[in-house]
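First subunit A sits with subunit B, and in the next complex the same chain sits with subunit C.
Up next is the complex of A and B:
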């Protein structure tokens, strides 16, 4: 342990004395303080929160991740090139201790900077929201504005089985056009079914079942958030009636609200309304006079937000998640730096980071519904090119998925509760699992590596 | 016979390219052993395989063929590394640390406790003459000063075996002399030293045995005495003020007996010794120095009960004297009347 701490201490001292920390901190401070001034807000307090947390703190975290990755590469590959590692490995230190020491040093340095940046960013956000609330004359406090909620989405079955049935029928009836592949038709059918389910014509009704988790805070209002599109061009408000019922069908609330298409609409519910209930039913009636059809967004058309915790609690959890990601990036850098020369390690690390940042796209491509020859409708099989591409994306997604998780800063900015389950998963997968695996791989590689080769 | 601390058998190292094709054979079929308490030198021109051999002994490279045993075990064994001190050709020290921090860091890697580290570091800095530069950043040091710190880090664990790659490289004559004195003292105190050098004078001053490498192979190996001694010829040095007539008498006698006049000339002073004298005088005159100060012998903790001298060492002064006495016995007898102070030849 003494050697681990000694190696960690060297990493920290060198970073301070080489002024790496100072220049990094100056850059981060400039981003946190000056970036929000240069981005134009949409005028809402939610917009301010987004700018301060997602953009400013998000960019700082991105820079720290990159710096951690880079430092990880340099800590081994750079030291092999400068040969300072030659002396260290001739001392009675195990390669795992070298890995742990370097990881700990870089992690403590970058982790401290992240905590400092988050604290400054939060303080600035608090101050700015306070001023905006004062200017708007509202009675709400910053604490209430930044309350953290748990999101509840409607409990609805998937449309995929129905889409497959329809595709089977269409193929049997030879209704699929020749220039449309079965895969493409299947995707069209999925979209069509989702549209049918979420479209509400004039005087039409749409109903959702919402399972309720226990509310942690009963002093704040739950919030119903919905997003929709309109069959009319433009953003003209559409009147709608919302009825909230218990499991017996008794109406608990019945209100009218004009919803604005494409915007995020919200209805604050009385705090006591959901108390003691484990499920509710929500009805929407398109009550407008004009023949306009409303289409709720399939993914996030309706969400019930239930108050769950205070902002600092969520901030602390998001910090744990970000520290986990940071630790993983440093571990990845150390591994790349051990296995390859510094330039190669740096490029590979950068590539890994890009993959992680574009994980959403990769997951999307991997999750595409593809009809295969071994599925229940072999006649609907797609082309081999489609299988190959989808296969590659599925492999990439499987590799990247454990490294990504969800975006903690997005959750923080949107006030979504970072659940304990999420936290434990991240710590176990990224912190213990991935970092531990990389530590073992790297220390084994380091113990086998010929670091005294000429030219190294 | 003393136990070997290093045993190398059929050692071969082939460097390969990216495609694993053999590129160069740096060391081929090398056999040697280093015994406890001796100073063993690996000599050779640049590129002869000295540093590669050292790296193989330290586990920084893996042999392509052959066997290495350091202190009876594999070089990568942690227990071996605990008893080993290594000074690389260039002292690869972290440039942002002070001298004290550098030695403290390496001390911590040997799991020494704080008090022990402090004691040893103070003694080592005193020994290498850098006590005044203890809080200076190593990156600002001259090459010689960095080299001294390198030596200190190699001794922080009081090693049994010290491996030195070009130990006098980058040192001024004073530093060289001090380094050589240090190594001799360490050897006298039971340390085993393996060093490489292409400076033959250093090797001659220090080593008990040497191996001469060329193109990765050992071309000659043995004690310095055996390698250097010209057993058929002798040299005499007369004390200052010795009577010239007596010298001429000896010269005549030798010429009569051998048929060839012996070569008689004035011995030249050693430039290194002149340099050291000048520096010593200057140091005595100056009290303040920002760089290397006077060294103060060997760190106390490195002191060990002396082991019996190895039988393979160079010929001692007394042994040379005895040989000369025997050789000159007839001449002494002839010149005896002149020893009373007469200036008559």
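Up next is the complex of A and C:
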């Protein structure tokens, strides 16, 4: 342990000596101090919260991630080039201890900077909101304004099994045209079933069952958020009636609201309405006079937001997630620095970071699949080029998938509670699983590496 | 020898740098002449914009593209909070790209605003769009006629138009933001001219230093008029220097916030008659006038001329604000003074272009003018407009009297209307009469009253001798319709900003 701490201390000193790292820290300081002064929100307090957290904290985290990667690469590859690592490896220290020491040193430095940046950003946000509330003459407190909510989505079965059943029937009845692959037909059937489920024609009704978690504060309003499209072109509002019922079918609330297609529509519910209930049913009636059909978005058509926790609690959770990601980047840098020379390691690490940042795009490309020749539908049509590309994207997506996840900063900015399950998953996968795997790979590679040969 | 060599190298480097600098000026001149002005230094740019445009070079485009992608994604997801900042950055990265400014402003004012049901939220986004162009885009590109026209369009179409459900709220909010600065429909240009030109000169006015100190002592920033205006105690308002101070601050705030130059406003009034500067039509006229001054090609010249007379035409229809003292009434009435300028604008535009839409527009305008002047009891002018219409379009009925033409114009074939349609037309006309009477415009009230009587008579005449038909399809007595209109007026309330 002593050797680990000693190496950690050396790693911190080395990071401080790196010009690149120091430049990044200078940028960090500028971002924390100057960015909040220059950024403009949309003029609402919610806008101020979102933009301050997203930009100040997001950029700080981005810079620290870059710096962590760079320091990780430099800690091994750089030290091999400058021959300073030779002084350590010739001592009776295990390669795993070297890895741990270096990782710990860089992580402690960057992690503490992240915590400091978050604290400063939060304090500045709190101060700015306080001033804005005072100027606007509102009675709301900053604590209530930043209160975090839990998002509850309707409890509905997936349409996938039904879509598969229909596809099987269509294939058996030879109803799938030759130029349409089964995967493509499956996607069409999924869309069709989602449309059937979510479309509400004039005077039509749509119902959802919502399981309710307990609300932490009964004085704050839960909020119903819905998004829909309409068969009309444009953003003409569509009148709708919302009825909220308890499990016995008794109406607890019945209100009319004109929903704007494609916009995020909101209904604030009375705070006491959901107290003591574990489930409710929501009913939407398309009450317009004109023959317009409303289609609720399958992914975020209806969400119930329930007050769940104070902001600092969510901030702490998001910090844990960000620290987990930071730890992973440092570990990736150390591994790349062990396996390759410094420029190659830096380039590969940067590429990995870009891949993780563009994971959504990679995932999207991987999902735009055509049937593969080795799938169980030999009727599949498509070129080998498409199969190859799809295969590459699927491999990339599978590789990147454990390293990505939901964006904690987005959740923090939008006031969404970071759930315990999310936290545990992230810690186990990124913190323990991936970092542990990289530690083993790196220490193995380090123990096998012949440091001190000519040219090294 | 080595030192001499180093000095020589430094000298050569400096000479090259100097030469490149000199050559760059020449290159800029050539670019200006050829109209390729992307490399022209941005005028009036703050340090941040100047820095990004120079240091990022060609990479600006890539960053702008990435920000644009993010902006589109957020907009698609319904997350609008960041869009003002993103639009700000995108435009600052491409400060000379007219289309970027125009698109971003239009997107904020049109696409995003309609996503909000509450008029106050919509107004905030319309303002964001306007501010992006007015306070930044035009500031960096003062000679860009297209940007000036884009801004004019936002006033002319988004606020002065009636397509947006919240258009009345916009008009009212704009008027209420200008009213305290103008103290009426238009500024007192002579008084504004007599005021000190800047803050330094203001501080030299006798007693001003003492007033400013007293304001500071009362914990107010004397240069923040909104704060002083709302919170200054009575004893400070009685200070002898207060009238000059408040007038100066009103003018300064007006110029800074609305970016309008009093000198140009005065020139516009000299050319096109008095305007109500609380209304969006005056602002579209202002920006179109500015665009006309810097227009470089035919498109810009024609577009700015059109916007000028379209704004004047709109001012003729709804260019005078009628409010009662407690502002519970907000009505837009015609500004008859601008009629000659609208006619002149149309004639000049038609002489310039053969476009048939102009002729259609002119014909429609003449019909409107006949009707509006008639309802204002301006029979002579209405007759003159009818004569002009008949000269311009020989297919127009050449024989009917002015009364008959107006009646036909307003009600169409009123005799053939259903009972419900005729009732609503007559009641609506009486409502107009009451509305104008309440607004203190007796002339127009009388015009509508007269029209309602004529409509009622025209509809009822064929039924007077047929009791059965009268019983089945006849209208209620005028007195009853008047009471109904009065009741409707009491019930109607326009939205409050």
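By definition in this document, the second predicted complex is superposed on the first by the 381 of 456 C-alpha atoms of A that agree within 3 Å, B and C clash if a C-alpha of one lies under 4 Å from a C-alpha of the other, contacts with A are read in each partner's own complex, and residues count from 1 in each chain.
In this text, a contact is a pair of C-beta atoms (placed from the backbone, for glycine too) under 8 Å apart; a residue touches a chain by one contact, two chains touch by 3 or more.
Treat the numbers as computed from the prediction; the structure is a model and nothing was measured.
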| item | value |
| --- | --- |
| Simultaneous placement of subunit C and subunit B on subunit A, clash or fit | fit |
| Which superposed partner A:3 touches (first subunit B, second subunit C, both, neither) | first |
| Subunit B versus subunit C as contact partner of A:180, first or second or both or neither | neither |
| Partner chain(s) touched by A:262 [first = subunit B, second = subunit C, both, neither] | second |
| Arrangement angle, subunit B at one end, subunit C at the other, subunit A at the vertex (C-alpha, nearest 10°) | 120 |
| Which of subunit B and subunit C A:172 touches, first, second, both or neither | neither |
| Subunit B versus subunit C as contact partner of A:14, first or second or both or neither | first |
| First (subunit B), second (subunit C), both or neither touched by A:447 | first |
| First (subunit B), second (subunit C), both or neither touched by A:84 | first |
| Minimum distance between Cα atoms of subunit B and subunit C in the superposition (Å) | 26 |
| Touch list for subunit A against partner subunit B, complex | 2-3, 5-6, 9-10, 13-14, 17-18, 82-84, 86-94, 447, 450-454 |
| Interfacial residue positions of subunit A with respect to subunit C in the complex | 38-44, 46-47, 50-51, 54-55, 227, 235, 237, 258, 260, 262-265, 414 |
| Touching residues on subunit B, where the partner in the complex is subunit A | 15, 55, 58-62, 76, 78-79, 81-82, 84, 86, 88, 90, 92-94, 96-97, 101, 105-106, 108-111, 137, 153 |
| Contacting residues of subunit C [partner subunit A, same complex] | 48, 78-85, 88, 114-117, 124-125, 128 |
